[in-house]
């Protein structure tokens, strides 16, 4: 008999890579904060993989999941439509008059990272006035830019690869880059602890890490310089 | 014996159905105290969402009434080739998943949509604006009004319109003084339903208009966003909307009753159901 | 008085085509069975239905002329139409209903039709007779050139009908415009109109005074509609009179010439009843059991075999008839009319 | 002159309304070729979603019919204290924003809900399971069926039921042989509407059941999820749903027409509108 | 024959309380204005409405007994009820309608009511008369102990009504169960029933044979319902007869003793018409303009001032009356009846 399928709740940015690492499981991708809220409401997940470490840590503090571990990292970038109608070349251009910027909502990890960057660069007021929508997860942000509805958006560099040819990426200056760490934990209510642990192990394994890196993610530990 | 068993099973099923419908509403209030409900009214997310919802809904309903009333009257009073098709068309948004409606609106009025570039050329951009919310709401809610309006117009006695003509009134006077007052109850009922549907709109709005506090974030979108942050606040916001819905339904029922009793002399408390 | 003229108007209906010409002087009643097209005629005059062809005019005012493409819209034809169910506006008071047709001077009409005390009432609160008065007042408030009445009495109780009929008759006699009224009841037509037209399946069968129709019904339909017994049989010309062998075997004589399959019309009041066989051999005799005896005031209707006789209550007492026992129904050969067979739908 | 202007304005408004409703649907098809529609049918996200949607919808409609029919019959045929309240209650989910309905369901059946702990104690967990989808769909779609069913039962001639009794038939035989066949058209229409509404369900489902592919991710949720990944796939999926909706509406219309003409002898192509 | 007994049954209705006792032997017709409670009586017998009190029984079978708490459900009372609009099941064929009441032997009924050729038709495709035959066949297929008919003729055209009435009469005379029929038309009641009960506002006014009601109407309502003229005035006992000063000023005599405010009933056939003042001073005379003349077959109804007279067509010809011109209506003092005033609703 086939082993019991795992139920994995994972951040939207993991949509493409998780099925490549383990195609056998059931996934629910979405904003990490929405998934955390569902877990708090008793959603029968086995594993929770978030785009930050705070959300799993909060669940851990409430006894809803095991102690989280970091399993990968990512970088924040700005994407613009391939045609780049607003002529954006850098993060600073986002404060130009009339730019239509979409970001993720408050509480969504990528949304928090975005605010962090803007504050760091002292652009918060100037850029936030150009925000036209706050989406519920990072993939929604990407979609609005890829469709050309928005002029720019903040997403992870891995997301930009999902729509090759449709968007261009613009890097965030290294000094302003946030620390994007993905935490994973086993949900206490989940029925399949062993399977969950095996899934986490698979991610942390060499093969798992390799697939993550191939998808554009960063190694889970910053390489020591 | 067999008989009372049947009667029992049937009453039991009916009660179960009512309990099932009632429970979630009771639960919302069980979880949120009146104090919390009131407190929510000073939360800027809530007040902004309320403002956006009301503003766009009122505009959308205006649009629906102004365009939908002539359409409904045409469909109710004339038979022409393609009539059945037109009625089907009018009802389509009712059975269309809102997310699909949102996709459709993007495909029609979006940046690269059918009309998008022409609109863009004349300087109109719809997505991410409050107008987009209005359009999404109008699109999704219109069938509820138009259906009811068609039924209301069809139910008005054609003899009365004919009588008006024979008394020297032209089509316009006949419409405004006879047909419209007679259909009024049904039109109001339809409007209330479509208003309620508009307030609840979610899928089409988030796809076509996005979600920005104070601009495009409607009450429904706000509830969804808050759910991921603060369940208790969400409960309180839901409580506000439940109260609003109840008020709307009761107003609708009283309005219809009043309308009916004043025009036919037979008061009825069961207006909505029997008229629809 | 003006004259309303319908000249070969043609209206395509669901199952047949209405086609008729009509000249309405004072009061004409159109009678006929349900679905005959009576209401359609009124609607055509009012401009609510557009004929395929023909011409409708009141004296020199042409309202419709097929060939010339004239079609005056309903609201510009000065007609007063009283609908079958009155069609009062339910959301308006009695006064507002009348003011809808006439901005000023509604008071006159409220007075004249004795509905001033009801001016604030809504139609739902009125009795049948009151509704009719309001509908008449409203129709006449426009000062129409023609008055059209659709089944003005059918919405009333049998019991109030007689009174309202008398009232309506009084009113019609004071109007000096053509009145076209429609009913499916020959009695009502006879009571209200000078001329009666019988319409069946969209065609005019016969027009005449009520007594004219009874005296000379054009066909079996008109005969039965005006109350006659119909006897079916085969006719054979005889020396003095035509002899008809009825389908039940008995033989009767008629003064009308005929041959072959015929229908005889005999009015109940031309039939007398006897308990003994009559001595007069010139009379037609039907000998059959009494099927029923119904007393209506001073008249009694007695069904004997295929015929119904109408006799007085005194005669009944004299005769001592019993239902189920045989009796004799007699009528003169001159009291029968040979009428054309009408194929009923 | 004034008259033709008015007529023109009125036809123009009606046409504008129809165009507005038609455009998004045309746009969807303009953007997705038939080949792409077919191709989508082998995408596992699509097939999973289809399976989930059909399974939960069928179950939900079963629930609605089994509990809603007795409730509707009770409300249509009996007058009791609280009747008006019960009818209002039945209609409430219609005017309740779906997101609020989802919150209500969580508050009632969720982990911390009114009934949640009792359910948990007996080993039943509802939220975020396929049962939750069924419940959410049943909750949100039921008023459409029940409303129409009440109207259908009210429209059946009470004399006919009385006649059945005088002919020796008890209440059960009367219901199944007379009332039900006479109301059938309305019930089917209501079921079709509620089915369509259920297929389109979004807000309540995502709140109460989440979006887990193959388990709780319905077609509507999948469209929303795929929208972020692959707009073309979304368009194709939307096309599939539009076609489905049209088929449903047309079937409904034909069904009603057939039903009506066979029972009353007066065929009509405008069944849905005039009966509702 | 069995007897249906209603013993002081009481039903609370919207605006009044129905309360009556009734014994139905062969055929009894309940007549009365709309809303009098006629249908309610039938529904109570059928078990479709539950009286507040009273007793309903057919011979020894008790169907309802208020004090004893007996209430047999509708489906277990063996009654045949023919509804006002027939209430045929529209989704069933004629045969299925009859088989609904009787699984086996529907053929007999199809034959007997001459509807065998219609067995596959649905009710919507039937004419009014055919519908009625199906409804009767269905009601009798249960072999009921009692037959109840609600306005069996009101759904019919005036034109088909006469034929159907005769047919129904024939049928009723062959049944040997009590028949209770309801109508608002006195003529129909008189034609179909042996006994007629007049019901107004839920109370039985009078019961008797049709001719008995005409001869001795209990009050002004019964009088006008049976077709009488009503004359209102003040009575003063005189030496030989009572003298009544009518409200229009004229004075008439009546043989009935009376005093104060009265209503006189005069039947139209007791009134004669003259163009000259009559010589007989013992006669009551009304001298007033002719309001209307309506010919109905061989009878003519002439309205003169407050009275309507019914005379023969021959008399009319002899008199040469003209509408609007004065004429004399005369009637004997013994032809008038003083009746109690009835407060109409």
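Which chain is which? They are A, B, C, D and E, in the order written, and residues in each are numbered from 1.
Following the convention adopted for this analysis, a contact is a pair of C-beta atoms (placed from the backbone, for glycine too) under 8 Å apart; a residue touches a chain by one contact, two chains touch by 3 or more.
These numbers were taken from a predicted model, which means no experiment stands behind them.
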Intersection of contact partners for chain A and chain B: D
Identity of the chain that, by mean CA position, is farthest from chain E: A
Separation of chain B from chain E, taking each centre as the mean of its C-alpha atoms, in whole Å: 54
For chain A paired with chain D, centre-to-centre distance based on mean C-alpha positions, whole Å: 36
Mean-CA-position distance for chain D and chain B (Å): 15
Geometric centre distance via CA averages, chain E-chain C, whole Å: 23
Touching two or more other chains - residue numbers and ranges from chain B: 170, 224, 227
Sequence positions of chain A contacting 2 or more other chains: 40-41, 147
Overlap residues in chain C, where contacts from two or more other chains coincide: none
Pairs of chains in contact (touch as defined earlier), listed by label: A-B, A-D, B-C, B-D, C-E, D-E
In the complex with chain C, residue positions of chain E that touch it: 33-34, 157-160, 162, 166, 169-170, 173, 184-187, 190-192, 209-211, 214, 224-227, 267-270, 291-292, 294-299, 301, 303, 308, 313, 323-324
Residues on chain A engaged by chain D in the complex (per definition of touch): 7, 12, 15-16, 26-30, 38, 40-45, 137, 139-140, 142-143, 146-147, 162
Chain B partner contacts - residues on chain D that touch it in the complex: 3, 6-7, 9-11, 13-14, 16-18, 20-28, 30-31, 66-71, 73-76, 83-84, 86-101, 103-105, 107-109, 113-115, 138-139, 142, 146-147, 150-151, 154, 170-172, 193, 196-197, 199-203, 206-207, 219-220, 223-224, 227, 234-235, 238, 241-242, 245-246, 248-250, 253, 269-270, 272-274, 276
Chain E - residues contacting chain D, complex: 43, 46-48, 73-77, 79-81, 83, 85, 87-91, 100-101, 122, 124-125, 138-139, 142
Residues on chain D engaged by chain E in the complex (per definition of touch): 157, 159-160, 162-170, 177-178, 181-182, 262-266
